[in-house]
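Note that the chains are named A, B, C and D in the order they appear, and that numbering of residues resets to 1 at the start of each chain.
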Amino acid sequence: MKKILNSPQDFVRETVEGICLAYQGQVKMLNDDFRMLVRADNSRKKDKVGIVTAGGSGHLPVFLGYVGEGLLDGCAIGDVFASPSASKMADLIRACDSGKGVLCLYGNYGGDKMNFAMATEEVEFDDIKTSSVLVTDDIASSEDFAKRRGVAGMVYAFKIAGAAAELGYSLEEVATITKKALENIRTMGVALSPCIVPTVGEPTFTVDEGKMEIGMGIHGEAGIEIADIMKADDLAQLIFTKIDRELHLKSEDKISVLVNGLGATPLEELFVLYRKLVELCKSKNVSCVLPHIGEYATSMEMAGCSITIFKLDDECLKLLEYPALSPFYTNNNLF
Amino acid sequence: MKKILNSPQDFVRETVEGICLAYQGQVKMLNDDFRMLVRADNSRKKDKVGIVTAGGSGHLPVFLGYVGEGLLDGCAIGDVFASPSASKMADLIRACDSGKGVLCLYGNYGGDKMNFAMATEEVEFDDIKTSSVLVTDDIASSEDFAKRRGVAGMVYAFKIAGAAAELGYSLEEVATITKKALENIRTMGVALSPCIVPTVGEPTFTVDEGKMEIGMGIHGEAGIEIADIMKADDLAQLIFTKIDRELHLKSEDKISVLVNGLGATPLEELFVLYRKLVELCKSKNVSCVLPHIGEYATSMEMAGCSITIFKLDDECLKLLEYPALSPFYTNNNLF
Amino acid sequence: MKTKECIQYFERIKTEIHKNSAKLVELDQAFGDGDLGISMDQGFSSVVEFIKSCEEEDFGKYFMQVSKTFNESAPSSLGTIISFGFMGMAKSMKGITDAKLSDFQEAFKKGLENIKEKTGAKVGDKTIIDSLEPAVNAFCGSGNQKEALHFANEAAKNGMEETSKLIAVHGRAAYHKEKTLGHIDGGAYVSYIIFKALLND
Amino acid sequence: MKTKECIQYFERIKTEIHKNSAKLVELDQAFGDGDLGISMDQGFSSVVEFIKSCEEEDFGKYFMQVSKTFNESAPSSLGTIISFGFMGMAKSMKGITDAKLSDFQEAFKKGLENIKEKTGAKVGDKTIIDSLEPAVNAFCGSGNQKEALHFANEAAKNGMEETSKLIAVHGRAAYHKEKTLGHIDGGAYVSYIIFKALLND
């Protein structure tokens, strides 16, 4: 296991401690518990809808990295690739409510869903309004939109919800615009090599030399098919076509593209993909704005990438451009 | 070869084309040549000292990623891990001179050095003043400071030089403060797995399972020793001690730490290292400000990391904090 | 029966789960993420740890705390599903300090109901329900504890085995649809282990 | 001799370099980055490509363009060092359109000098100089071209072989210090190949 860590059991705690030491002015643990992260100014919080998420560790900058201005108010994390418990989520929701309610925005995974169900039921007793929006952007995971997994597209969802809340949208309005955004967000990825959950110590799956797994999930969930490694341009074309089949991009549409590295794939390669995507868009007279290219949602040291396309209307574009600032994310240098 | 690219020969060009398409408003090729990148506003450039660098591809965000406000004015790149030619450097220097001269700031590698020597001689004919500062921060590469390789510490050097130029320092002053900064910057790294130069197609070195190479260079130059993979805390301690032996950190000193991922190492692990480094600093009453944790200087898909320590005086701290903005780097979300 | 007397039952479940941990990992690896053995191990050992020092006499509050403890240490899908079960039991046993068999039978029903309500899963969906529902029904079919557990055990086993003929529609396994045919569901196997441990034959 | 007649010499060097490309990679891999065969291949084939369509008759301007072409396509350490060599030759042959042996002898000396000035390397440092300097000296030791090239070839070979007794102090190999003993320097080997190709025995 080629990892730099102390004991696998301490990995998540030590990661969060490192983050809190690095960005003291910006984030902190809630109740000194490393499983919940909130903004450093959480105690004098703004009069706005709270936005929280939760999920497994091992995906930095997802989830912790998006706690910040114009983004998330808080985040609960579990062990690597595992949900946190309902009580952490409930504590987090309480801490992020300013009276206007809290949006629970998270990926469509069994553990996270069940725990959020338990947590939201729990905070109801305290008269905290919540609304839940599930991210289901991974087109490779199911034909049925509602059954799809949430992957990198959640970064756009965090951005939209965070900006809407900042702009004073009500809980219902934040939920509505986030859902509308998600209806126009699609992702598909490929994995080239596995990753290792520290407590397991060995890869939970393999991808043979010369092969790539198309549509593999960010925890190694099986994809659509195992194919020979293809050229970057062919891969971009393949994913673009699959996504376009659902988003129906047409002349004069505006999109934002997220070319996301899963962990071990060099940044250079992501730009080779982006180059082709722009070419494909040009041929349809679709314009690309505010691209996000880099590691936004990882699976530790997995090699591979995902491509997310976000079809923008005026409202979503405005929200995407709205300032956002966390130690791991800002859009002020992207345009 | 688990890479997402088209032909290895087109890799660098297509990467740069992708970057230029993504960040049109910010950077562009010089003379439509993908081997030279300048700021988009290069034609109406500010009356200030120009800062340029050059080096091999495969290290993103180094070098291209640091062309931006308060950073570099231009950058020339060669093939993966290879210097660009002198004529590109010369064209770049000419394009980045506003009459106040140009600082050539680059890593201490044979090819880059020889080519810059040829280029600066060439632009002398055009009466362009240049000054050259070599980055030699890798303590593992030689006992002799002047013979050391330049690695991740060059990111701090770019930041300092860029800010100084922006603040109106003269060429001599920019060179002096950058050298002073570099005297207080030290780096050491470890590699856990190799990387593959696309045109070569297979790893040029190997690191056995369970082993790490301490002090390995960013192109796979042999390190000090091959050791068993150690705990993160021990690794942090080892590197901190080696660096401290040269920087002589003492009570009330201020430092900035750059924990840099080489490519395949998850962000989580870098924070585990940072956590320990802060602990080590606390025990010496040294304070850590403005940490840089992430992938700042990579070797494609190499697994491993480097730790850079920058001992700050008031001037360097001010310059480090000075705003900087490129598509790949900003410090406005770091404090 | 007092709350204190529950320890032996939980101990038995914990031991049996631990023995089968590798088997559960294997079952979950087929179409899930392979953590089932680990999370169940964690969940039940934390519960045993907790109840050893728990002085609560009210079965309602007792199971509520068991539910929380289990969820805290095993917040995976099945971990949370089982916590929903304990929560249902807690609601049903509120105020009871000396429980009869019929109290437990009622509690098991309520636990099952809560799980079904929260997950939306029903018999035939290839989940823990396929073993749990027949087991709970069988458990309620006798006034004699030994016999009730014996029936439950058998029903749990049959239900578990039946899952190999089903297609998954919930959880990670649902992504694999028809491919899940011929494989036993890990959650159903957990239910089988629990009833086997309770019977302690 | 006219500039046009240089083509055959460059063709021979290009061919010989190409034949030895794997050998050069191997030598450079020991203590360098292993690109020597590739960059030399690129450099000399670009030069051959270029001079085929080059109408320049002034040897000074001709070698200046050769230097630029070589550096553009092979901007590695040794590529740039060789470009410095061509540049020295260019300065020495400015204005000459019909070159005699003595002109070339002078040009080789100036090329060597320029390399030494720019790199700071000298004989004994385990670089190309260890083969190039004795070769250039030998080349200047006869008024007969065939004989001059023969001497040069021998000196280049000896100098190349001698590098295995030396410790590297320049370039990437310098990081390895004593470990470089026993290995032949890749740059010196390139010099040997060049003179071997020029002799064309």
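To be clear about the criterion, a contact is a pair of C-beta atoms (placed from the backbone, for glycine too) under 8 Å apart; a residue touches a chain by one contact, two chains touch by 3 or more.
Protein names from UniProt, one per chain: A, B = Dihydroxyacetone kinase, N-terminal domain; C, D = phosphoenolpyruvate--glycerone phosphotransferase.
The structure displayed is predicted, hence computed values, not measured ones.
A.B. asks: Going by the stated contact rule, which chains contact chain A and chain D alike?
C.D. replies: Both-contact set = B.
A.B. asks: With chain centres defined as C-alpha means, what is the inter-centre distance between chain A and chain B in Å?
C.D. replies: Roughly 29 Å separates the two chain centres.
A.B. asks: Can you check how far apart chain B and chain C are, centre to centre, with Cα atoms defining each centre and the answer in Å?
C.D. replies: 56
A.B. asks: So how far apart, in whole Å, are chain C and chain D when each is placed at the average of its C-alpha atoms?
C.D. replies: Their C-alpha centroids are separated by 79 Å.
A.B. asks: Approximately how many whole Å separate the CA-defined centres of chain B and chain D?
C.D. replies: It comes to 32 Å between the two C-alpha centres.
A.B. asks: Which chain B residues touch at least two other chains?
C.D. replies: none
A.B. asks: Among the residues of chain C, pick out those that touch two or more other chains and give their numbers.
C.D. replies: none
A.B. asks: Based on which chains are in contact, what kind of graph results: line, ring, star, complete or other?
C.D. replies: line
A.B. asks: Once the touch criterion is applied, which pairs of chains come out as touching?
C.D. replies: A-B, A-C, B-D
A.B. asks: Which chain B residues qualify as touching chain D in the complex?
C.D. replies: 78, 81-87, 109-111, 114-115, 117-118, 141-142, 147, 149, 199-200, 204, 217, 219-222
A.B. asks: Can you tell me which positions in chain D touch chain B when the two form their complex?
C.D. replies: Touch list, chain D to chain B: 29, 33-35, 38-39, 68, 71-73, 75-77, 79-81, 83-84, 118-119, 170-172, 174-176.
A.B. asks: Per the contact definition, I'd like the list of chain B residues that touch chain A in the complex.
C.D. replies: Interface residues on chain B, with respect to chain A: 1-6, 11, 14-19, 21-23, 25, 57-58, 60-61, 68, 192-193, 209, 212, 229, 231-233, 235, 263-275, 278, 288, 291, 293, 295, 298, 300-301, 303, 305, 325-330, 332-335.
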